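Working notes for the structure below.
Every chain is named by a letter (A, B, C and D) in the order it is written, and numbering of its residues begins at 1.
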Amino acid sequence: MTALLELKDVTKRFGGLQAVGHMTFSLDKGEILGLIGPNGAGKTTIFNLINGFYPPTSGTILFKGKRIDGLKPHTVCRLGLARTFQVVKPLARLSVLDNVMVSAFSRTNHREEARTTALEATTFTEMDAWRDVPAGSLPLGMRKRLEMARALATKPEILLLDENFAGLNPTEVEKTNAIVKKIHATGITILIIEHNMRVIMAISHRLICINYGEKIAEGTPQEVATNPQVVEAYLGAAHA
Amino acid sequence: MSRKNLIGLLPIAAVLLIPLLTQNPYLLHMFILSLLWIVLGQSWNLLGGYTGQISYGHAAFFGVGAYTTGIMVKSGQSPSTAWWGLLFGGLMAALVAAFIGWVCFRLRGSYFSLSVLALSEVLRLVAVNWNRLTNGAEGILFIPAFTQKTYYYYIVFALAAVNLGVIRWVMRSKPGYYFLAIREDQDCAESLGIDTTKYKLLSLLISAFFTGAAGAFYMNYMGFIDPGIVFSIADISIMMILVTMLGGAATKWGPAVGAILFILVSEIFRVWVGSGHLLFFGVLIIAIIIYFPNGIVGTLVDRRTRKRRLRGAEAVA
Amino acid sequence: MSPQVAGQLELLGQVLISGILLGGLYSLIGLGMSLIMGVMKIINLAHGELMMVAMYITFWAFTLAKIDPYVSLLIVFPLMFLLGVSVQKFLLTPVMEADTVLPQNQVLLTVGLGLVLSNLALLFFTANYRSVPVSYASKTIYWDLKLGGQTISLSFSYPFLVAFCIAGVLGASLFIFLAKTDTGRMIRATAQDKRAAALMGINTKRITYITFGLGAALVGAAGALLDPVYYLYPQIGGPFTSKAFVITILGGLGDIPGAVLGGLVLGLAESLGSVYISLGYKDAFGFIIFVLVLIFMPRGLLGRGRA
Amino acid sequence: MAKPRFMQLVTLALLVGGMSASLLLAQGKTFKVGVPLPLTGAEAKFGEMEKQAYEMAVNEINAKGGVKGTNLVLDIQDSGGKPETATAIVEKFITIDKYPIVVGEYSSQCSYAVAGVAEKYKVPYLVVTGAADKITQQGWKNVYRLNPPASLYNMGVFSFFENVAKPKTIAILYENTDFGTSTSKAMKEYCDAHGVNVVLFEGYQAGGVDFKPILQKVKSLRPDVVYMVSYLMDASLLMRQSKELDINPQIFIGGGAGHTLPEFLQNAAEASEYCMSATLWTPQAKYPGAKEFFDNFKKKFDKEPDYHGAEAYAAAYVLADTLKRAKSFTADDIRTALSETNMMTAFGPVKFVSWGKFTNQNRMDTLVLQVINKKFETVWPKEGASAKYVFPAPHWRDRK
């Protein structure tokens, strides 16, 4: 099986501070890979590197065998990599449907087509009732779901989910869980950052744990959960 | 055509009929200035209101449009060909805009806003000092092509209508959605596949083109320009922002309402209040900003939708 | 050394002196703007008009009570501080709180404020040009320099020199205030990240009042210092607002030492440019440097401002 | 909501108050004249002075029974110095208020815009201050100018050069405006034609704080004459800073405007001493009523008028004289009467003639004044001089 996305020895420094160091991992087609680690471990930075917000200080990022490091986010998106944001970024004064249409336009120039795609994506994420509401006045759960709908409307091959479960109540967690599974079932490969251990253990095929920007463990959820370094990182963080 | 669109056309039809009702040059002059300012407000609105890129120096484009026309006439063309200035003036303005956009849109934040301001000042000084091209501080003058104001009225009306049409069309298609996305959140827009630099530039080019065309019209209509008039920060650049934001930024009719308010109210103040009129105008600006934070049109629309939403929420509950 | 060379040296020396002395005043004008821009993230388009108000205060203090402009700083500074605080408290803050499509309402409000201030001045003080006829207005200190057998005679305008020194003292005090006092640190924290500052328990509203007050007081001080060498009329503000603009950008938005440097650079650029390139383009030099800085040093001359 | 209401009420009250005040119209048999002037904006000072001078003259005229038993009423409106506003005002004057004559405006730009409108509607317009040559060079039949065109402002200075100063080199510094450019251009053309070497010819942006760099350059060039065209207070700053830099040409000469203002004396103080300037008018000018105008104006408004005031004052008298001679108060009859004008005013003789490219242009001598003992004295031409010129001016360090 060939890797869809590969990070090879990727390092990012801000000034003197290393945010991500020597990160190497690959994401295979069709899998759900979980990314865990304590707060500030550099998970979102990895997303920002993949998605093109920052160029890596060193190392390469390959998508389908081609280098994408240093490309602009919009190019990366058009190649088929979509992401959601941990801190949700709704286009506040646009309606939910318009929000999703904006991202649908990445695949078409026609308004009607974009609209159709957007309608599908909102139905897929079960947001039909919210379509005409300005995104800025959505409750948090719906904002997180809007992030997914928008990412889907760009018709990605890989979806980067950044803490889409955080702050949701149990019912919403269930719903989101179901949606993520549904997305995966359509053949989209998923890289997910999540703090909710119960969710991520259940949903991921593989897990990578990072701390201080470096990978400390990789394997099946069970392997990673029992890895002593991982336990220490989390307990250490809990004690701090 | 839907009923809503028909209602939208009514004011346009009414405006079209004005010269049939009055031939009075003074009133027509006021209406012509209002229409000119509608073009300016709408153009600024596309870039500032819809795309969220605030320009403090749109006089740069106005001046370039006016001077392109003026220089065409000065270099031997007859005043009637000066109407080509509407096209060439607009294109020159867009060219200048392409340069400044290329330099500034790679940067975030206030840099664009301030750079355009710097650009307009530099252009003003060039116009003052480059005597051979621009005739310097003495300005450029020619006898306007028409003595009848009705012609000017319809020309500027056509310009405003085309401008409105183009902006409506753009805002309903892909670039329009992208402009709004850029305004709301640039990072998010990028990650949704939008080449923000390119689309900011597109918005700027359209905006600058029409501003330049308006400048060309001004030259044709007034028959006289000088650097201080057409490159004025206070009287052009800032007034464009005022007109748009007082009427309602990012609304369809906001700039039009703002322009009419600005031209007619300031004229009424000037005639009725006398020497203190600018003081009243300043107070009016402050009052509108406080009581109509999204401009007159924007705030009224907000109130209506909020009411509707409240009613909707009650129905759901 | 030939007399020609000495003449050229004298020209250069005099031009540099003029540029630096003027730059000191520019710095003071830019400091207030930079402070306001740093904390509130807005451009104060009434900056020049605030200076105009301060100039009239100084003028009337001199005319009615024979208070020397330099002494009147003691009146101008607190009065302008109060004016700034009230503007922020009663006009800008309420506007800031409204939810709007564009965040520029505050800037527009300063436009309205500028119109109101200059036209109030027109109404009350008439359009007449005024000046403060102090005895030392054209007092000059000469400095003859012997160099290679030639004498180079340099002159320092006394009021410009005093203005430069007071501007320096004020700039340094502001710097110390921001670095060493609690309020100063809170201002810096608010400038860096308003939300985080609020979360840390800083009363950011109070900080914005103080900031606008200080900004107004600083430009007011510049106005008072300008009175002995310049003149005043109700519309004097406009050009100074745009100068303050350029200085602020040159320094990197909101960077205090940067604004000082920006002022000096603008002063020097104007004086050198007007002699060695073209007087007509004098005011363009600041803007051209500004655009160059934007392209090549987007974080300001000191590379520390925030985009 | 109590506070906003209150503010709304205050705003409303202010509006209504302002409007009703302006509704107090004059009573009786009147003739109204439209006068656009800059009463706000950067030119407001001069607009204000001219407004006062017009009103003073009209009050005098009406006190003596007006024109054929009719009282003159001025409809003065603020153009803010903007041509499109000036256009609007005059279009309103002509087409709505139906005034048969327009008088006034200040800047060249506005005067030119107004002239265009007046010509279009065939209503006579008397230009009072706008000096750019082009205004009376368009072949317009309805445009009459009281003041000399900018290119002739220097006539007195030229004659002084030829008869007294005979300079070899000159440095020219001018304000980058219409007036500054055209006046200094005329000076440069004269110098080029008469073998005076122009060592420096630079325009500057009005309102500068510090002219020392360029003045230092002037100093290093050692010209015989430093000629400056400056509005406003730039004139005083230039002189003050010249003194500071110890620049010693044979003479400093201003091109009118700033160097003739009373404020120049106050603000430049001892630095203004011996500075000459071209001027159109001085209170000592040997014209009937000149001194009276100066004294009365000073008494009434507590400030000294300069030639702008005299121009406006004279314009009102030209208007009254024209109306007296006009067969009827229609535009055509007024135009005919205006072109036959031949009278003496406090500003000088007024007669509209055409020569070269100029049409309907008043041609008058311009004077040279010099600051002597902190007073403006008329020093040239010799006949009519109020004091003897001081030339060359003593060096700064030799004075006391």
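Everything below uses one rule, namely that contacts are C-beta pairs under 8 Å (C-beta built on N, C-alpha and C of every residue); 3 or more make two chains touch, one makes a residue touch a chain.
Keep in mind that what you see is a predicted model, and the values were worked out from it rather than measured.
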Query raised in the report: Where are there more C-beta contacts: C-D or A-B?
Result: C-D
Query raised in the report: Just curious, how far off is chain C from chain A if you go by their C-alpha centres, in Å?
Result: 48
Query raised in the report: Using CA atom averages as chain centres, what separation in Å is found between chain C and chain D?
Result: 34
Query raised in the report: Between chain A and chain B, what is the gap in Å from one C-alpha centre to the other?
Result: 42
Requested in this report: Please report how many Å separate the Cα centroid of chain B from that of chain D, as a whole number.
Outcome: 36
Query raised in the report: So which bits of chain A are touching at least two other chains?
Result: 93
Report summary line: Shared-interface residues of chain D (touching two or more other chains) are 39-40, 176, 203, 205
Query raised in the report: What residues in chain C touch two or more of the other chains?
Result: 101, 119, 122, 278, 280, 283
Requested in this report: Give every touching pair of chains, nothing left out.
Outcome: A-B, B-C, B-D, C-D
Report summary line: So, in the complex, the side of chain D touching chain B is made of residues 4, 7-8, 11, 14-15, 18-19, 21-22, 39-40, 77-78, 80, 82-85, 87-88, 91-92, 94-96, 109, 112-113, 116, 120-121, 132, 134, 138, 176-178, 180-182, 203, 205
Query raised in the report: How about chain B: which of its residues touch chain C in the complex?
Result: 48-49, 52, 54, 56, 103-104, 107-111, 113-115, 117-119, 121-122, 125-126, 128-129, 183, 233-234, 238, 241-242, 245-246, 249-250, 275-276, 278-279, 281-286, 289-290, 293-294, 298
Query - chain C - residues contacting chain B, complex - result: 41, 43, 45, 91, 94-95, 98-102, 104-105, 107-109, 111-116, 118-120, 122-123, 238, 242, 245-246, 249, 253, 278, 280-281, 283-284, 287-288, 290-291, 294-295, 298, 306-307
Requested in this report: Would you mind writing out the residues of chain B in touch with chain D in their complex?
Outcome: 24-26, 29-30, 33, 125, 128-129, 136-139, 141, 143, 147, 222-224, 226, 228-229, 235, 267, 270-278, 280, 283-284, 287, 290-291
Requested in this report: Spell out the residues on chain C that touch chain D in their complex, using ranges where they run on.
Outcome: 7-8, 10-11, 14-15, 18-19, 21-22, 25, 119, 122, 126-129, 131, 133, 137-138, 140, 153, 155, 157, 160, 226, 229-231, 233-236, 239, 270-272, 274-275, 278-280, 282-283
